[in-house]
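After this come two complexes, each holding subunit A, first together with subunit B and then together with subunit C.
Right after this comes the complex of A and B.
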């Protein structure tokens, strides 16, 4: 039972990491506000289900749409900014979401949070979601969209000379990322069954970014593996909770110095590749 | 036909005047050179042509269309392609993908089709792949296809940038100091390459360069800039003998 729970939590966070991977890993957009999108997804789904009495699948869809729409709205003023300012503005927006959720107590329960959601999300749904999202991200990564992402990350000016509409491209990335993140939040609400505004603050957003970096900017597989290790490790070693972040910091320093491309560099675990390797043996 | 017409363009950076009242007409299928001492505003001309930053005054026409207000990516789509003085390849993409990026805007499939891998994106990706390999072959770069540009010798990187510009099938090619950092042998082969490109693909080319031999040999018209002002324009032989050009390069005592 304990292991199942650990696996569930780890997988939930992995979805969030995947959302961040597309924008931070591939496109180089650093947002400290992704935690805000997790909350938005979680609260949208919870409110839609509990207060509006909508069926669960509709509530999930609403969370995704809400994430995408807010991503779009926030993207309009922020994505033209220089990257460092984008980081600051998203940080503020994330914290604004937190404050708003606290303030809108009638709708969100304020600091008491929301509880009483039925357990609609189990491990199968989470894992299927991971597979599906990974499939989408990988499809994007290996075709034009992914190339454009990396081009924009490496050199925006040169990218625009190649005919890439940098702003529009970042917008698409931000929308997709936010939608995935909000979806992860919605799953979280119906699996953990309790949400409160302080669950996903900017530290949590920062952690998602760090995991992306440690795992490897060019490797979806690496990011998934790193996320799985980090979050399950945390559950197993609750007693050294504080040391978890110390260890992570140490790993980050080592990775940045010795493997700047991330632990897994550009490695991808593809079914075709794995198969062909065994064939050769 | 005029491919490019620049009418009275000026550009200031803060208090520094980079370009003053610049006029230029570029005819089709010709190779034109822009020369001048360091800081004369040569690269600024390029940056204004493909929209790196907005201009202060004047207008720019590309094939009779006013592109003064067009964003950079639109100009790339219209057929203006360029290389950079300090090579700007995407270092996290391999050589083949660097090529492919340059014609990404041409694809007709949508994001949704791409997400769930419908046949159309796959088919178009295959076409792009073939095209990229074709141009790599054309400039003898095939052996580097799967390498990262960072690992390649300087001369090869320059050639790759040139190959990349061809991917978009441009009408106007802007080469910003293509010979910088090349050894004499590489410069000779570069000259041949530029001429060959120009003939094979009916390109119109503008070159900014310090390498006089290259400019004099392959350009049919040369513009000379000094401190943001055009001080001379003419055929290579005329420029060689022009008083003010010699003065700008060598000082008053010359």
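Right after this comes the complex of A and C.
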């Protein structure tokens, strides 16, 4: 039971990490406001279900749509600018969502948070979601669109000279990523059954980015492995749990200095690759 | 609102804005030279807030001495951060995103470290001033706020003198406009960058001390850097003067808004107006454009 719970929490966070990976890995955008999208997703789903009495699948859909719309709105002013602005505006967004949730206490319960959601999300749904999202990410990465995005990530100026519409590409990726993150938030609300505005602050968002970088910008498998290790680590090593973030930060700095491609470089665990490796032997 | 209440809030806002301006300049100094958002500045602020508390409470409770000491320590922390974290990747010619990752990580490292070590308590600075307020007619002016304002102004004036008149200041400005050319002119660019971090660290030290003195010290004091970064955005990234003006504006706007619509709505209004500002005028107040070079 305990291990099941750990697995559930780890998988929930992995969905969030995948959302960040899509954005940072494909277009090199940094968002410190992912927490905002998580909260938006969680609260939208919870409010739709509890206050508006909508069925659960509809509530999930609403969370996804809200995340995408918010991503679109934030993207319009910021994605044309330098990446620093995007980072800082998403930072502001995260804090703004937090303040707004605290302010709208009648709807959201304010600082007391929201509880009393029925447990609608179990491990199977989360794992299926992960597989599905990974499949989407992988197909995107392999498609023409994904390769264009990676070109944008590596050199924006050169990419735009090659005729890639940088703004449109960034916008699409950002919208998809926001939707995934909001979806993760909605799953979170119906699995943990308690949400509050301070659950995801900018540090949590920063952690998601950092995990992406440790795992490696070119490696979906690496990112998933890293996130699984990081989020289950605390549960198994309670005695040094408080030092977890300090350790992570040190590891990150070392990785960035000595292995800038990430811990797993470009590794991808794919069926056909594993097969071909055995055949060669 | 009554007119003297407004004036009162204006004065409080300007004093708070002075500290925001300090942060914005410390942040902008590094942005100018290396062109990345230096979140680790918040780490320097936090370390110095704790250091200032420790030294003034336990070692030597004198305001001026401890302030200067904290500022110098802040400067050296800035240099250490540069040497340990940013120099290795700079020499490798890493992309800007890695600088960002490292600076965010450093901020996180400091915050979590303090949260684990001393996060269970609040640490107040000693009372340097016995009588905390001056009464001028109907006004009540907090002495601590006056002190904050005068110190911020003093530090910023000195910095502006250094940047304009001294050799190293001119070198920093040269590196700000183009980092490659000065090294061809026989300027030791590593030294210039270290010095820029030293100055930024001094500003961070003063900021940390003043924030710790005005509020209390807790691990999340580094998050106050957010206000400095916002001021830097409003002022226009890369313009130190714009950052100062924007810092003051932000401080005033914040205290007036808090008095008028309450503390819970204020952050929403401020963040929303920043997003709007970026939509209308991304180059900020100063209008200094930033050109992407190939």
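By definition in this document, the second predicted complex is superposed on the first by the 277 of 281 C-alpha atoms of A that agree within 3 Å, B and C clash if a C-alpha of one lies under 4 Å from a C-alpha of the other, contacts with A are read in each partner's own complex, and residues count from 1 in each chain.
The definition used in the following text is that a contact is a pair of C-beta atoms (placed from the backbone, for glycine too) under 8 Å apart; a residue touches a chain by one contact, two chains touch by 3 or more.
Because the structure is predicted, anything quoted here is derived from the model rather than measured.
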{"item": "Partner chain in contact with A:245 - subunit B first, subunit C second, else both or neither", "value": "second"}
{"item": "Subunit B or subunit C, by number of subunit A residues touched", "value": "C"}
{"item": "Contacts of A:160 with subunit B and subunit C, given as first, second, both or neither", "value": "first"}
{"item": "First, second, both or neither for A:74, with subunit B first and subunit C second", "value": "second"}
{"item": "First, second, both or neither for A:151, with subunit B first and subunit C second", "value": "first"}
{"item": "Subunit B versus subunit C as contact partner of A:93, first or second or both or neither", "value": "second"}
{"item": "Touched partner set for A:235, first subunit B, second subunit C, both or neither", "value": "neither"}
{"item": "Doubly contacted subunit A residues - partners subunit C and subunit B", "value": "157-158"}
{"item": "Subunit B to subunit A touching residues, read off their complex", "value": "50, 52, 71-73, 76-77, 81-82, 84, 88-93, 97, 100-107, 111, 114-117, 121, 125, 128, 164, 168"}
{"item": "Parts of subunit A lying in touch with subunit C, wherever the complex brings them together", "value": "28, 30, 32, 74, 76-78, 80-85, 87-89, 91-93, 95-96, 99-100, 102-103, 156-158, 202-203, 206-207, 209-210, 213, 242-243, 245-246, 249-250, 252-253, 256-257, 260"}
{"item": "Footprint of subunit B on subunit A - complex, ascending", "value": "136, 139-140, 143-145, 147-148, 150-151, 153-155, 157-166, 172, 217-218"}
{"item": "Subunit C to subunit A touching residues, read off their complex", "value": "31, 36-37, 85, 88-89, 92, 94, 96-98, 100-102, 104-109, 111-113, 116, 223, 226, 229-230, 233, 237, 264-265, 267-268, 271-272, 274-276, 278-279, 282, 290, 292, 294"}
